[in-house]
Structure formats: C-alpha cells, structure tokens
C-alpha cells in the first residue's frame, strides 16, 4: 500500500474503473477539477468505466446527469450500474408476470424497457398479488415507507417469489453532515423479518466487475492486470476490486477521509494497492 | 417435552407467567374462553403475571384495555412490560436532558411520568439536538417513517448517546393473514446503519423475568421451580423462560401452530417443558 | 463521561463490582498495586464482588488462585462467575441424564458438584449419546479440538438437547502479543453450523449482574445507584453494567488502551460513566 | 418450479453445470448409475462442467479420483473448483512473499504450482511471519486445529494481509449419519474473532459460474439461457445459479431430501427452475 499521485497511478494501467459518488461527484455536484482527469484519460487513450451502485435511473439518464453538470466525457456506454445487473437478471429469470418494485417511476421505467410489466408496491392488491413474479428494491424514494415496506413483508410471506436488491448500499451522504438510509438498508430489514434469502447486485459483488470486464472483452483481448479500480469506500470499491483480482486505489475525497484511512484499513483488513488524495489530475 | 392439558400444567405450579399476544389475546380481541383460565387461577390461589414485549402504553393503560374487553382479572400490578424496563433504565441512567423517542404520545407519556423530558424525533432540530441524552424506540406508530428514521440515523451519528429499544419484537400479527413491522425491526435497521450497540429490553432477555421475579420476592419467598412461563413464541417466551431457569409451556394459539410446532422445536433447539393446545381452561 | 481518579470514584459508591482479567490480574499475574485497592475498600467498609466470565474452575478454586498470588481479600463468596450461572441452569433445568462437556476435568468437577453426571465429549459413543440431556461449553482446554468439536456438531444434530455456553468470551489475552481463541468463539462456530439457538451465560448479559445483586439483597436492602461496575472491556463489562442500570468505570489496564479508548467509545456507542487509568489506589 | 425427469431437463439445454458432492458422488463413492448420465451427455453432444466448492486438490487430482472410481468422462478441463479461483487471486494479487495456509500438503501443492512460496501455518515463527503476504484456508485436514487456528488469529492481528477462504462450505457429509466441520466453518470463526473481512471463493458467489462461463466463451459464443446448473443444495448451487441468471435443477440425492424440499424452498425463498429425483439417466 503506497500513497501515490493519481496521474502516476493511471499511467500504469490501460483501463480505469471509477466509482461515481465520492470520486467523480459528491452531494454538491462534480468533484472540482474532475474534468481534467477525463481529459487526461482521453489524451492518453485510456479506456474508462463508471462502476456504480445505482438503480435509480437508466445508464442513459445517469450519463445525461453528468452532461448537465458539464462532464460530457461520460457517455451511457461507459456506465455499469447495479441496476443493469438487476435488469439482466429479470430479463433472464422472470420472463412472465408482474415485477413489483419499490422506487421512483424513473427507476421502474428502466427495468421495464425490455418488456417487463412493473407495478409499484403501493398498487398491490388481493387480485394482482397472484400475478407478481418478483419484487425488486430499486430506490429509497418514490414510495410511502410505512405502507409499502409493510406490503413488501406480506407479499413475500404469501408468495414464494425472488426478491432482488438492485443497490446494496445501506446509506448515502445527503450533505456534509447528514446521510440518508438507502434502499439496501431497507431491503436488509425486510429480508431479516421474512427470513428469506434476497438476491443482491452491486459492489463488492464480483458480478459488477465481471459485467464491465465482459463489455471490454467483447471488443478486445484484455488482462485483469491492465485494469485498476478507483473508489472511496473500502467495503465496496476496494473489497470488490481486490476480490475480482484487480489493483485498487482508495481516494480520500469521499467516505474515507485522510485522518482515518489507515485506522480503517487496519480494522477491516481491506488493503488497497494505492492510496491517492483524489482522482483529480491537475 | 410432553403435550398436556393446560389445567394439569397449572396445577403443578404456584406462579404463572403468561405472554399476552397469542396467549390471552389476538388481533380479534380476547382468546375465547380465556376468562375461565383466570377464574380458575383465582379459585386455586395461583399468582399470575402478564410478561409482555410492549412499550406502547403504561401498565395502567394495558390493564384498562383488558377491562374494556371484559377481562377484569388483569390489574396493572399484574403486568410486566418491556416498556417498564426501558423506563427503569432511563430513570437510573439518564437523569438529565431530553429523551428523543419514536412512538405515539401515549408511549412517551408513560416514559416521562417520572419527570423525564421527552421529544418526538420529528421535533429534533439543530438546537435541541445538543440537549438530547438518549433515544428510545417505543412503538412503530405515531411518526413518519421516512423522515424520522433518517433523523434517528443522523442523531446517533452526531451524538454519542445511548439508544434504547423498548420492544425487541421485529413483527407482530395484524390479522389472520398479515403482519406489521414492529419497532424492534426498525431499530435493528438503524443500529446496523450507524454501527453502534443498542440496549434492548424484552423477552428473551432475562431482565424481563427478573423484573417479575423481583416483584414477587419483595413480598414473599419463592423458588424458580414454582414458576411456569406460558407463551406462543419459541424465540422469546420459551427461550427466555428456559434460560432464566423456569419450566415453560408452548401454547399453539398464536405464532406457533400445531402443524409445525415439532419442526420448529427441532430446527431451533428451543424445547419447552410442555406443549398445550391453548391457555384456555374449560 | 469523565476521567477520574479511581479512589474518588470508589468513594461515591457502597458496592464495587470488578471484572477480573484486565482489572485485577493479567497474563503476568496480579496487576501491581491492586492489593492496596482491596485494603482501601476494606478500610472504607465497601462491599466488593468479582464478576467474571469464567467457567474453568469453581469459585473456591478461583479464590484460591488469588490467595496463591498473595491477594487474600478475594474469598469465594466474593466471586460471581458465568460458570455459577451455567451450574444453576443445569441444576434447575436438567435434573436427569448425563451432561456432556467441553473443558478440563476441573471445569466439569464444579458442574457436577450438585449431583449431575458429566461426560467429556471425547467419551461420547453410540450408546451413551442417548442418555445425554445437555451439552455445556466450559473451557477451551482439556480436549482435542478436531475430534471433539466435530462430535459436538453431530451430537446436536442427533439429539434435541440444550447447548449451554458457560463463558461467552471469544478470545482472551495469552501474553503481551498474543490472544487465544476462547470457548465462546468455538461455541459460536458450532452454533452457526448446527443452526440451533444456544443458551449463553456471561457479561454483558444481565443475569450475571442480577446474580450478584441478589446475593447482596438476600442480606440487606440496596439500590442500583449504590453500585458501580469496573471493567476493561466495553462490550461486556460496560455494556452489561449500563444495561443493568449501574454506573460504570472503564479502566485502561487491559483490553482498552488509553490511545484508542475514545475512538472505541465513539465507534460502539458504549459510554462508561467514568474512565480511570486503572483500578489501583496508591 | 416443476418436477421433471432429468433426461427431459437436459434435453432443453446445451451446457450442463453439475455440482459434485450429492449429485455425482457421495460419501460411499459414485452415485449409482451416474455413468449413464455422462454417456447420454456425450451421445447428445452436450457440454458439461463440474462446478465444485473444493480446494483440497488440483483439478488434475480431482479428475483422477473420478477415473479411479470408474468415471472417465470427467477430465481435468471439465472441472471448475473454488481452489482454482483462490489460485487465480493469489497469482494476480500476491506476487511476492510467502502464502501461509491451513490444509494438506496436496492442497498447498496446487496453490504453489505457479511459483508461489507456501508455508503451513504450523511452521510460522517470529522471523518468517514478516514475509507472509497472505493466509489461505484450503482444507480442514492436515493441521492441528488448536495450535494452528490460534496461530492464524495471531497472524492476522499482527500482519495486515489478505485472508482467502478457498471453500466456503461450513460442513460436509462424512457418512449417512455424520457431518464434518469444513474449512469454511473454521474460517468464519477466525474472521469473527479478528474482525477483518475475508475474501471468499465458492458457490453461491457468481465468480465460480463466471469462471466456467468464461472458459466456454473463450472457444465459442454462448448464451446464459443455454446453460442449466444442477445441484443438491439450495444455498449454494441453486442460489448461485439463479443469481448468475441460469436455470437451475435441485436434485434430491444429497443435502435436500424429497421429504423436506418444499419446506426448505418456502423457508429460504430459493426456488429452482426444476426439481428432479437425481441426476441419473437410466
């Protein structure tokens, strides 16, 4: 584990995977100067992908949100989200029936783009409950927690259907001082109450990295040694990257701050290949 | 483990501890015929106590609710609730400041009866947050889940105060088909997100049984062999009674049904001394 | 939470509960100067008890071990061990049959002092397995881990009997640099493999404190406000003392060192009433 | 979920993934008649792979063990073991230093085949401990549990190195009546004591399935819909296969018996596409 300048690190690899929140953006908007990083990556012919635990929107909408902030380098084909894995699962494994969901209409719209029928949990009733073939946890917004979390518990007690968690994060930063409970935290509660095993997508699970890796391999031959994963969170970005066999960079611009990086690395045993102050290249 | 007539079981003991929900009452009201049981207990000079995971109301209000249903035998001095333990904890350990709470005004009213100042989590703000000296989870009703659970998470991230769970149940039956997420389930979620250790009161924890045991011992000398605990739930009533050294009776009128009692006993390894169809004595 | 001189703290209370390891003794022997503390307690007419997670020996043998080290103030009636609770449980709940155990002959000798028949797990066979009425985890020494842990797993798969963990500690210090896996750690592994619920005795569980409290109350009237619990471990001594409603003192002579006391208190949310360098009174 | 004849199921797919223990073999040897299944697969030009949680031997040795039992169809290139993933991880991420291991010499021999230096945990000392760059849990045999599990705990407290679990199974069947604690169970205990995050390979983790999938894709284009995963264990084979997006078959010749298949499927919420009595085609 060495502390290195981000440019120096990037120069060692062909392909860069980057987490979104805490690396490229934060609750205020883009991380200041991050545009330079992407300009440098382009100038050096580096390939880069955003690997993000997010099921609130489609890759197209996620890319659009970067463009609105002035970062045009991130196009939808550069984005790998946990929502994409949930969608692939549903397409492969749940061909019929209705997919009940917790989340915003935007999150559901993406899931249903390949022909699935979706239904917000709030609209579940005694009749349509029998046609539901899966429950998917997409986003912490867009529904009434009291009514709809209780409806989820009872849906899963009555129907033996798969429950899919499309974003495993338990909380996310809202501003400098506050966090918000994320859909992964709500899903954990429902799972422990109903006592069934949910299917989870998102870092640190290898499937996220595999999805990105496969996208590249479809076009050209690569080696895991040519890829580095950049993230601000030990338990997701670094743990997942390490396990998939990638080199990893912990940046100190998000969840893990300079003051306690070493303490946390020692406490968790999750060791990045490098530490860097941020992903900004000046 | 023997299946026995409830009257026969009761005859072997001097003191009877009974769980409330699933034993004396259910979502429809009193368990039909349960009045006869209390008439029999009185006629035989048996001492009895209701030992219940409930922090939604005071013992006085709980007793009143039985009286309204026509069961006058249960007076407030016969009720041991997990809310009483939470109140004792707060009286002993949190003498100053404000106790923030999740629950109904009724649940808070009881907590503050000994002079504590309480504040619903919804009314927390940047100023009064600094005077909060404890957070207590009382009831799943009486607050907005989205706003107030998020406020709890941030309160506990900012202030190093004890968090008390006054009812450890994760769910409770709402009607024949549905359950409701209980305050214990919500508290587990908040605890796992903030990563701190909460203080829990309620069966199976021994403190519930000790509280009842002490009430009796203050008046007369007793032996644990003279007490039997009656309940419908293996993980709380039977586990807790067993661990405290009491004989236990699993009744099949609530959470555990005749059809799967044996399977669950084998799966959990929680073995009651007796099984009885219900606590009704005809 | 205030840092205070230990003498000042002791002066505020009538009754002092002390953890053993890390407070009175460590891997080298007695904590230097601890004799003065007991001389002071005697001179001030303070009542004191050792409240310890230990099931390796009887209170008599534990007291004897202090006497051999030159500390005669700790007599057997001053010792409350988790082994005493396990023994009480077995006396009350397992009147017949054989109690299989993991531990040394010394640990079993104490358990069988009230007439129970014990059998080391190593001697379990196809015949006597049917007479076994409980399994008790006493000590990490005195048996072959490979053979006997596997025998425990299979015993609990074949016989639906209670499994009792007489010491919940997962590890203990062996010397300045090394720890040893304790019987509580081994029991957790067996429990997770067989999927049954074990019965645990030891701090932080309230039953330890209640046992000590009852001993005193049998002789005189006391109030929880008159008692302080002194320990070196947040998760057992301080958590348990707090929950039972006692004031608590974290001493920095054992598991929790001065350098990270504050970090750990913030991370766990387990807050002692006082912090003191050690329990030594000079 | 439909109960189907195994031949009918196989006819729907091009590629068959099979678990080993409980499907092809059991504690007595080969499942009687399983040779016919492989003869049928060959005759129908089906591609098949053994996907097994096993790190005790190399694929070559595993294949050899089938040949000795008379099953020549399973060659080493048909075997995907969790040990192979652990080896890939070590090759990619731990290029230098010594890999300490728990297991037999056979298990270590495979790990070191690509040039790594290995050391049994029993031979760790105060000098070579500083050169250790990873700890790997390979097999439950080949070491002294008491000495070497304690050495593992202390190694991980002193050195911040990755700990790799090359087989996540917690137990395995020894004969008709008994199970044995597996290396995954031992690793869980060490992890909970040291409090660090271990890296695990083996079903239900997607990486096992991805490894097999990649082997095939290197030679020809395939679709996940063309593959079916066959296994006897809901939590590993079926959960993992489902999550990877494959159709799945639960066979009743191993861990899950006909009598409780439905109960377990309902309890866990892990639903196979098909149930079949066994993988034998007559």
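Labels for the chains are A, B, C and D, by order of writing; each one numbers its residues from 1.
In this section, a contact is a pair of C-beta atoms (placed from the backbone, for glycine too) under 8 Å apart; a residue touches a chain by one contact, two chains touch by 3 or more.
Just so it is clear, the structure is predicted and the values come from calculations on it, not from any experiment.
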item: Where chain C and chain D overlap in contact partners, by chain label; value: none
item: Greatest separation from chain B - chain, by CA centre; value: D
item: Mean-CA-position distance for chain C and chain B (Å); value: 28
item: Separation of mean Cα positions, chain B and chain A [Å, integer]; value: 40
item: CA centroid of chain A to CA centroid of chain C, Å; value: 44
item: Chain pairs that touch, as defined at the top of this document; value: A-B, A-D, B-C, C-D
item: Contact footprint of chain C on chain B as seen in their complex; value: 88-89, 92-93, 156, 160-163, 194-199, 205-207, 210, 224-225, 235, 239, 242-246, 265-271
item: In the complex with chain A, residue positions of chain B that touch it; value: 144-146, 149-150, 153-154, 157-158, 170-171, 177-181, 185-186, 188-189, 192-193
